[in-house]
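Both of the next two complexes hold chain A, though its partner changes from chain B to chain C.
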Partner chain A sequence: MGRAVAIIGVGQTRHGRRMDVSYPDLVREAVLRVFEDTGLSPRDIDGVVSGTMPSMMEGIALTHFYFSEAMQAVGKPILKTETCGSTGVSIAHTAYYWVASGLADLVLAVGHEKMNEGNSQATMTTVVEPFYQRYFISGAPGVFSMQSQMWTARYGIPEDKIRDAAAFISVTHHDSAFDNPYAHVKIKVTAEDVKTARVITYPIRLLDVCPNSDGACAVIFASEKMAKKIGRKAAWVKGVGYRGEEYFFGDSDKVVWESAIQAARQAYDQAGIKNPRKELDVAEVYNPFTYQEMLFYECFGFCDFGTSPDLVLKGTFSRKGSLPCDPSGGTLCTNPIGATGLIRVAEAAMQVTGKAGDHQVPGAKLALAHAMGGVDQFNGIMILGSKL
Partner chain B sequence: MTKKVAIVAVAQNAGAESKDNFYDEAYRVTKEVLDKAGMTRDEIGSVVSASSDVFHGGISCANAYYWDPTGAFLKNASRQDGESLFALIYAAMRIITGHFDTVLVIGLCKGSENPELDACTLMYSDPFYLRPLGLTETMAAALQMKLYMEKYKIRKEQCAKVAVKNLGNALRNPFAHRKGRYTVEDILKSDTVVDPLTELQCAPKSEGMIALLLASEKKAKKLTDKPVWIRGFGSSIDAYMIGDRDLLDGQLKNAAARAYKMAGIRNPLKQIDLAEITEPYAFQELMWYEQLGFCKAGGGGKLIDKGFTDMDGALPVNPSGGVLANNPYVSRGLQRAAEAFLQIRGEAGERQVKKKVRTALAHGVHGFAGQCHAVAILGS
Partner chain C sequence: MSKEYRTLKTEIHLPYELAYGATWTRFFEGLKEMKIFGTKCKKCERVLVPARSFCPRCFVDTDEWVEVKQEGTLVAWCYTNYRYFGMPTEPPFIGALIRLDGTDVNLLHLLGGFDLGDFANTVKIVKNGMKLKAVWSEERKGHIMDIRYFKPL
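On to the complex of A and B.
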């Protein structure tokens, strides 16, 4: 499909509560880092893809205006992609299509969020329209709580088991975050801590939930010719999948969740993946909530529906398991939303190029990156491989 | 373009305030464009929409809201923010790669549900320096207009002539929001908005749902006898602070050069038959003439004096009435492309220009004093 496209470099900020920098400087930090990483200069870039969350969360509208200099985009062609929480992966898709179409050889993708200067939950409440849903759905936890309860009820998963599995995920991801120099939340937690943490929206507790992070991510996509000329180890795009479903939360099944299932299937088909659990070496799943991460495993075909808690407790998806998921600590430990999907893509690229440092999955060759957005409405996938 | 991509059908709604709700309006243009192409929703490969949260009636993550009525259910769809011509090229990329045969492109903005335009454009200002000053798009444009008039000795009457021409052209356009036979004096005597801009020199706030169906070369030939090809595209963004920029020599030249190069255009004046330009402020049309290479810098005033860009001029510009007549902020770039499409096909009704249109230019701009431009070249 189109020309081959590679990721040849990534740049991330130190994510967290970054009151030491302004928003443009945060963006600049990630962008300068990708240029350091690749040895390229802004002059080499043919186009820039920018994206973030809605203006209410940014405190400013149409952020590509404000960050034009920070993204080193002045005088360059630009696209501005936004798809709510899945923005990060949608930016990566846009950059991919741009290079694959032959209209550019080097495209810089930039995602960013400075959540500590805004109010994320208030913003997310405005994603739902003011007439019907806004009375029921306020912020993200309520939605994910309903979804996890539907899932638990549908498959009759015992409450204790799912609680244990969610705690297991929280503990392992928080441990992994210590190995990721860019991660936000770095705290040692025990299963007991997770299970007794303050309830946010039942059954979700504080340590089941991602933080509000400030952070930015920049990724350079290159054509085959350019990637070879630059001669760095590259992560090749093997598949891109995206699906969205009904706006009204009650209209679609959020357990056998078609947008997640079909987005993954579309990407697998392109990448020639038949058995994702066997063939994938690592997955960076967008996991703002522990419970939802397990549901994604099922929707992405890593295991059968209703079985993920068992496998989680067996360690199948741990760092040393057969399919490590979120070795970076994932969204659970770092969530600057407009950047988060792109961070998943960057982490997947780092894994298949052997550059993930202390959280490297040894020998990873094929990786999945994912982001979710809207009120459980959008899912986007990108598959990256070490070989062309 | 590395591969041919065609526009095969367009549908749009009228710019005046409508009592219909957002969903009905969005659904109607989506259905209409599919009907025109003889396709069903299931047959469409992908959907790329354009909208902006700040122009979206107080609902965030705009495309989440209208996902269903735009036919995107369980499709690989995406969205561009701010400028709808971005959606045109993103859709074309999706086709060129071979991932999709057809992509529905749709711009959505329901002006009647939004606050005043400048209440929205004030949000382009950063919260620390510019917003406390109250800098809006109209204010930035007024500063730009003063500079322009002073440097090139452009007279305010020449700027007003753009409004006379475009609002007059709009009389023939059933979709236009504001229209009328005005004199230069009427334009200049309308209320001052921000000196030297008067009300009739500033674009209104309009409704605008607009849908275009794009197809690969092979598919286009099956769908229509008269495909309109995307020949070239270019965009460019300028620095953020208006004080950091030369407001009279911005990024439009750059965007146009990219589009011209792709389309093989060396002499725009000779090779382009018609242009649809985004001119939210009348004088900007004159400036954009210059930066698009229709005349030298400062020559825009003379061009309009000569009637060069009238409906029956050598190079008709905005026979639709342009953005002064119809301004659904985000959708206006796609609207320009749709008008160019209709003119090339000879289907522009009463606003069809007399000369044969083979190649047409569509231009979109957003941001203070034209921070970001996009240019598309369409051809028969």
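On to the complex of A and C.
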């Protein structure tokens, strides 16, 4: 595991359609907040890690150069990590590895995206294989619909049950977003609204799908020595896991989904977690689509394959359930992609340090953060705990 | 938030020329002749389609060529009836994962051969596990769309 590493502060922008600020100013908003949160200044930072979705999203390549001033990275070593939707968790991993290696004591991690400045689905299609596959994938919804369809068919989950469970998730997350001051979509929806919303890609409807958000998130990772010296309540990294699979969609099974299963297993092994549903107090699961969120519960060992809709409908993963998932409203309500995975990490850190405000899960001590990237190709996990 | 700030409208147009290489050139030449080729990994013995120059799991060269069946089974599907900038296929369309008989990976292509405009009818026709057959375009250019779609048998 290398040296112990802690998250000692987080900063988020107000996420949403942010045509009121330029992209560098948006990044700066998150960075100023993490310095305000920690009381640190840029001169304390040893290195900076940043990342976005493909640069085509905003039409500017090498965004870590573009934002070097906004991230106060001038005169410092700087890295960019880019793994599509899992970028945010990969940024966190990169910062973690840097500090755990002993080569830095304080690393600033910044994730950012301005999805409203470009065309998100056209951008995502450029992630897809160009000779054989691009013609048949309708952006992100097309990939995730096919995967959901395959999952429900394999386990014989009745269409009305999966529809009810997805609607339950959509309603509860949209309600939770009202308790998160940074969340993008804040609308009251009913199960009926979700079930009758416009079909995007069957079986997925508009309220099963995340928005296009603009936003940034900044997190400071510290060595044990530095975390103790600074003396703030810290979230300790207990485990990290990351796995990829083949690039061709169709080469590997996306139901018994090895990259998700193995990434979680790697992180659980490091954290000493045997029964995640019992031992975790809260999870920030990357959930751009309601159906896919349920599949992640199964891949992460929260329940057996094919059973998540039953548990969802029982409230197991709700705010007052035994394992609350996405009390922030999650990716479903806020998705500035390059920031999204880091927001999951920041939210998990806020939970285990008791700083999540109105969406705090009382007494949370152990939290999981997750993000997924590519054409269902990569999954990354970070487990955070309140104790070293 | 009442104040409106200025925006800059800008565009990037970049032409690309992507090299197929030897393996994929041969695969696409095969499509012109209405043949679907895979390659077989001598280590794991999986038949990969489309043909690959190396096995994505064993990382060894796959130089044994196999002409695969043009019939297979529906593994997963997705009905798309929305449009975004740059979408290469005209909606409505059904993207599908198809396991061609005798192969070991799923091929991504289209379902067709029935009225896609009527969604209620589509849900009645399309079932996971149904048998499918390739339907070829009349004019073939050595392109993935030389196969028009896979139709239910």
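The rule is short, and it goes like this: the second predicted complex is superposed on the first by the 388 of 388 C-alpha atoms of A that agree within 3 Å, B and C clash if a C-alpha of one lies under 4 Å from a C-alpha of the other, contacts with A are read in each partner's own complex, and residues count from 1 in each chain.
The rule we apply is simple: a contact is a pair of C-beta atoms (placed from the backbone, for glycine too) under 8 Å apart; a residue touches a chain by one contact, two chains touch by 3 or more.
Given the structure is predicted, the values throughout are model-derived calculations rather than measurements.
In the superposition on chain A, A:Pro77 makes contact with chain B only, while chain C stays out of contact range. In the overlay built on the shared chain, the residue A:Glu246 is in contact with chain B and with chain C.
Legend: residue contacts after superposition of the two complexes on their common chain; A:Trp98 is shown touching chain B, with no touch to chain C. In the superposition on chain A, A:Gln121 makes contact with chain C only, not with chain B. Touch criterion met: A:Pro130 reaches chain B and chain C at once. Comparing chain B with chain C, the partner in contact with more residues of chain A is B. By the touch criterion defined above, A:Ser138 lies against chain C but remains apart from chain B after alignment on the C-alpha atoms of chain A. Looking at the shared chain after the overlay, A:Gly59 reaches both chain B and chain C.
Taken together, the two complexes place residues 59, 130, 246-247 of chain A in contact with chain B and also with chain C.
Of all residues in chain A, only 19-20, 59, 119, 121-122, 125, 130-139, 141-142, 145-147, 149-150, 153, 199-202, 246-251 touch chain C in the complex they form.
Listing the residues of chain B that touch chain A in their complex gives 1-3, 52-54, 58-68, 72-83, 86, 89-90, 92-94, 96-99, 120-121, 123-127, 233-240, 251, 254-255, 258, 366-368, 371-372. Within the complex formed with chain B, the residues of chain A that make contact are 1-3, 48, 51, 53-57, 59-62, 64-69, 73-84, 90, 93-94, 97-98, 100-103, 123-124, 126-130, 240-247, 258-259, 262-263, 266, 373-375, 377-378. Interface residues of chain C facing chain A in the complex, by the touch rule stated above, are 1, 3, 5, 7, 10, 12, 18, 20, 24, 28, 48, 50, 56-57, 75-82, 84-89, 91, 93, 95-97, 105-110, 119, 123, 128, 144-145.
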